[in-house]
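Below, chain A partners chain B and then partners chain C, in two separate complexes.
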Partner chain A sequence: MTDATTAAADVRELPPSETAGHAGLGTAGEVLVRSILPLVLAVGTGAIILAAIGVDPIQYYKDIWSGGVEFAAWQDSAMRTAPLLLIAVGLIVVFKAGIWNLGMDGQFLIAAAVIAGVGPRLEHHLPNAINLILLFLIAGAVGAAWTIPPALLKARYELNEIITTLMMSFIGINLAGILVKGTFQDPTTTTPQTRSFDFSALLPTIPGTESVSRRWPGIHIGLLVALAAAVVVWYLMSRTSFGLRLGVLGASLRSARHMGLDVPRLIVVSFLLSGMFVGFAAATEILGVKGYVRADWNPAFGLWVVPLVFLARLNALAVIPYVVLLSLVSIGGDFAAQNAGLTSKFTLLLVGLTLLFMALTEWIVRRVELGGSYLPGAAARRARGGE
Partner chain B sequence: MSQLLLASGAFSTAGLTALVSGAILVCVPLLFASLGELVSERGGVLNIGLEGMMLMGAYAGFVAAYHGGNEWLGFGAGMLAGAGVSLVMVLFCVRWGLDQIVVGIAITLTCEGATALIFESEFAQSRPSLGAIDKVAIPGLADLPVVGGKGESNGSIFTQPLVVYLGLGLTVVVAWMLRRTHAGLNVRAAGDAPGALDAAGVSVFATRSWAVLFAGAMAGLGGAFLSIAVVGGFQDTIIGGRGFIAIVFAMLARGRPLWILAGSFMFGLSLSFADWAQAFGIININTDYFLMLPFVVILLVLVLFGRRAYLPAALALPYERGSR
Partner chain C sequence: MSGPTTPEANGNLAVELIEITKEYPGVLANDRISLTVRRGEVHCLLGENGAGKSTLMNILSGMVRPDSGEVRLDGRQVEIHSPKHAIELGIGMVYQHTSLVPQLTVLENVMLGEAEGIRLNAPIARERLAELGGSIGLDVEPGATTGLLALGQQQQLEIIKALWRGSKVLILDEPTSMLTPQGVAELEQIVARLKAQGLAVVFITHKLHEAISMGDRVSVLSRGRLVGAIEPEELRSSTHDELQERIIALMFGGQAAQATGVAELTDEVEWHAPRRPAAAEPALELDGVTVVPGPGEIGAHDVSLQVLKSEIMGIAGVDGNGQRELAEAIAGQRSIVAGDVRLFGHSLGRFKVAQREKLGLRYVTDDRLHEGTVGSMSVAMNIVLKQIGKPPYWERGRIRNATILAKARELIARFDIRTPGPETRVGALSGGNIQKVVLARELSFDPKVVIYSKPTYGLDVKTTRSVRQTIREQAEEGVTSIVISTDLDELLDLCDRIAVMSRGRVAGVVDNGPNAQREIGELMVGGKAA
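And then the complex of A and B:
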């Protein structure tokens, strides 16, 4: 009973900055400060670090641009957008509910390994279109299944999902390796990898993106799937009662209980949706770009996307430009690193710095009472801070 | 029959020593890192940046040991680097009350990028390695048969680098401090009831800051142990998720350091068993099974005997003076 009454008090006593909003800089200024400033600061700090180790930062950033955009590179960047956007969308569904699914990498790899193993065996038995749809669904189901233990443990025993999703992630990564080296091993090679898809069995390209004369390989339709998923999730989160429920749960668990929401069910459903989108992400990467899985392959896209999701403030449409930018930087970053004789991990540095500066901006903005917040439930958590 | 003869080597002194020594090598970095994480969590700060702090410690430790030519310089530098990185956490999360998980992920990503970049630019051509470090034998125990003894090439399991003994001692000290001393009580109060601690006249900020700095230093030491004593060099993948494993262990230990010791040793044994079984041709199993075995067991235990996690009440919640 005390639970319910304090929950009501929680909602009533939100800090004025959260409800009144926009006191300081106005909407345009707010967007500018919150969305652009962290990126600018991160790029600037990255340049200083590059200069410190004796690399010309301007040349490096130029290389990122040319390696990510020029000639056919923009198509690689566009294709990289597909898995990143799908993971981002999957994260939005759980973060909105205040759930920390940090097991994306495990969900991604296990889904990738399963479809890469199953796919080449299905290849000639079914029409290609049905085959691809089936593989997408399998990937989604495997990704979702991988979130079931954390979801149930959180829903039933309130066991912290950070522990359980991380554990499932380790299990998923290792199990994917075992499957690739064992059951799904390509019998024609000693390299630990699955059989490759026939080129014709991969995702078809979007009409008009393929051009022999300009040496464009074409962009696979996984990108459209990702964009559609972003629209669907945006609609789900902002225009339906389901999204509102998740938002309430994310803002305050006790408020959600007080309102009579079926909290365990919400937890399980958002977990499953999140895992499904991560599984789809794996499907676009395997069926669209890679065509096979090697045992040591782990792109570890999961953590990259986390800052973007917050920069976009959990809005599935607003996250798209950020994802495009990250794809460009990650594709172009490989080229720039090669040119400068460095590791491509500079991209990670940029992403991490963006996240740090985002947190810093959050603090500054809070000080000038700009209102709004990147983070789910931050207001409620602040209100409960002293208990 | 030949299989059996080959296998008999596994149970020789050298075989068993290799098994346990391998387990200890895997266990110690995890032990340090999760010990730090445990103190930080008891103080109410969830430190997801542990992986980054370990990486920074591994790199700083490697550089100091390489240039200084002394492993203790390396361990010291690793602790300093880890603590230095955790200053960000102190500032952002303890002082300013920003989201601990976001800042933690940021720290991990930044350190991953930074160490790889700096290592690449400094040591791209040379990729130097460090020599073996001194080991200290415990008088008496080191001479025991079966698990070691004089004249064995691998030495005894009681012949380990001095830091290993320090780690074991530290586990007991931390357990005792958390349970029996005033400082430990303060740390626990900072995690369970920061308001009460504040009312008692003890600074929540200071208590949490020290806990986070301790976590950073321990993670750095764990990383430095990996680069100096285990690998003898640095690679950007050297930590390989151990920071996250340490977070899991710290949370599962429910605040009791001795459980961490047991957990990380079992984890080490599981990995070492795979190498050992392979080396002596007993079974030829993919090491991936043993990497995931501990987590499968833990998950099964959690599902079967599902119980609520006993985490500090104010974990991951920033403390704001005067707020309810």
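And then the complex of A and C:
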């Protein structure tokens, strides 16, 4: 220990750019400031906006709670968690590698349309369990396939993936619509939608969540799939050489090349994994909740999830509570907005505010750390417990 | 060591720093430092890397805020909020690393400093450039592409940028570290001119002789404290040797100076006799290697070299003459369009970085912060970063932290890396210790041929000495080395033979010896071909 203390005295003159961002705050302080403060600020500002337009904010937030949790609503919220968490997990895989896959919505919808189109035709040919697994795999493969053009363009020609994934997203959304109205159209109706799954062909519920007396419809096992995916990705990112390689690539492309990493391959693999998880997200929503796709359906879950992934610092386990919270707000938000006579888009405003305050806190924390210690020197050292 | 002085008593005080204290986590970078800078005077700030020089000047230039203490400009107390504010107050700083945009023209680069207005006023800027260029004696075409200028000229352009808004104080942070001897001489003249124009100049250096020859006043920092100052009278009245002894005594607190390598401090480097190994088989052969230049680069053209086993081959040349392109091509980070690289007789062809690594080829990059290490990762992780996925550090893809930490502890001790522990982020270490982390990684897993790119660039005396010692020891153990350096003394100190690179080509190869310095100089200016 004495060795460490004398050595510490030699670590002098830290370049300011290197001290910013990590050192400075204690771990608890860091979580509080970086991951919780933005939420608090967003809720606070949301309340001010609500009050300004003549809606009682306390009632509004109460309505979110009752619409998202009370009676059977908590089950809807729990089921909403499944696709959101799977998308979050998929984003973590790419963001960790410093790749901006922003085409989640296209990947999601095209996967959803394909399995909603194919699924009802497969019904009853195969045992239900095999059928469901097959559809999950198809959804994963379609989602992954949709990332291939941006992945190859980035890996080979260093083309900016933000642009290519967004373009592919538009194509995916519209192509999904075309498929639903064309090839996959339910012939028995004029509404542009796919055939519905047979109720018995959908995902089974988690035992014990179904209760007729309490009017619980039951939570489908997609939630368990999502939680398992989060654990797997957390393990992959934090304990394996693959996760470390992605981390090096995300930290610095130059370093990755210098260390001899196969950069193009890493880019393609992380894209494919990301698209696969987004495809799984679509599968849970279609096979667990919707049972069909209508041509005008686009839940646009992707952009909701982005801020959460960063709030959780790209940690697949830490993102779970945020996703649960968002699910609750997105389910309860509809109810609250209806009661308050607002559009349900108001929930998106809260998400946007969270993102804004996240950026602001980040900026302020950096400035403060550049300018001087956040806490007085000695206190800061005590707070960190001597590292 | 001047305390607060009233402006009336001393009208020529430009800057007063009073009891400045700045603490970083675990490190007291500046401990109640007080010093003054006067108009028409060059104030040398001397100290090893990590002594607190840069922190002190970053406080003055608004990059860093002090925890306590005050700054006075022209006798008035000021709070410097930001680098922009510092410029408005008349403080210009030239950083060690260039802030110029290489793709832009000279004129565009100086106009970037212009804060007011949206429209850029080229004619006025052109006039100002000519005026400032005249005052420091720099004559460059305003339309020239900045990246193509010689390094010395780029630095002079930085000085012009710093003076653009009418600075009264100019801070030069280690300005000679990347200059050729001629460049240093030119810089000395420029500083003398600026001084004559009444500017207050702060000159940060860790080289003793520069401080003695250029400074009107020398302050010595060590471990965050001001340990002594030499006033102008004393500087004038003492001989060079007396001053040197006095400063060394200040820096090392009167300890035996020989233990700390005074020879390097004073730049008395002697050439080192070539050790020709008896069984001299070629270890690395370059045969007509050609690399296509990227933007702002020279590239490498038809480079042929033969490096013998356990030999140390130097590559001399002004920075940016294709050395990096060549090094990256050998390491496999860039593709070669013509020619061949052979390792122990086997063509490396299209082998990738990892395959070359496996064959024993190592590349110690000069960009240790952004390429050689991942700053946000721990020391331990950086040490095994090129072993990703390999046993015993990974087993079937799973990380084995205990093994990695044990290896890291071993190498931290062997390479004398000063870090609070193996789990400290590399980015929190000083430059010298980051370099030791890089060396520990490159030299610990059975290297056969090592390319060192500017291995001691920006390091302090002690670390420089230990790095050079490491390179020698490796060579003695049979490792073949290529040392790329812009510091001729370093090459003369280390190498058996020295190749000179100029405009992407090898101008010639010189045996190290008493005439080497002259011969290299001739090759550099393109005199004779060897």
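Points to keep in mind about this one:
Assume the second predicted complex is superposed on the first by the 344 of 387 C-alpha atoms of A that agree within 3 Å, B and C clash if a C-alpha of one lies under 4 Å from a C-alpha of the other, contacts with A are read in each partner's own complex, and residues count from 1 in each chain.
In the analysis below, contacts are C-beta pairs under 8 Å (C-beta built on N, C-alpha and C of every residue); 3 or more make two chains touch, one makes a residue touch a chain.
Bear in mind that the values here come from a model prediction, so they are computed numbers and not experimental data.
In the superposed model, A:Val69 makes contact with neither chain B nor chain C. With both structures placed on the common chain, the touch criterion links A:Phe310 to chain B but leaves chain C unconnected. When the two structures are aligned on the shared chain, A:Arg245 is found in touch with chain C, with no touch to chain B. Of the two partner chains placed around the shared chain by superposition, chain C is the only one that A:His258 touches, whereas chain B remains out of contact. In the overlay built on the shared chain, the residue A:Val33 is in contact with neither chain B nor chain C.
Between chain B and chain C, the partner in contact with more residues of chain A is B. Of the two partner chains, neither chain B nor chain C is touched by A:Ile148. In the superposition on chain A, A:Trp363 makes contact with chain B only, not with chain C. 9, 13, 381, 384, 387 are the residues of chain A that lie in the contact sets of both chain B and chain C, per the superposition on chain A.
Looking at the complex, you find that chain A touches chain B at residues 9, 13, 49, 53-55, 100, 149, 152-153, 156-160, 162-164, 166-168, 170-171, 174-175, 177-178, 181-182, 303-304, 306-307, 310, 341-343, 345-353, 355-356, 358-360, 362-363, 374-375, 378, 381-387. Contacts from chain B toward chain A in the complex involve residues 46, 48, 88, 92, 96-99, 101-103, 105-114, 116-118, 120-122, 124, 194-195, 236, 241, 244-245, 247-248, 251-252, 286, 288-289, 291-292, 295-296, 298-299, 302-303, 306-309, 311, 313-314, 317-324.
Here chain C touches chain A in the complex through residues 23-29, 49-52, 54-55, 58, 63-67, 223-224, 331-333, 352-354, 356-357, 363, 365, 367, 370-377, 381, 385-386, 388-389, 394, 397-399, 418-421, 424-425, 427-430, 433, going by the rule given at the top.
Taken together, the chain A residues at the contact with chain C in this complex read 4, 7-16, 18-19, 21-24, 239-242, 244-245, 247-248, 251-252, 254-255, 257-262, 370-373, 376-377, 380-381, 384, 387.
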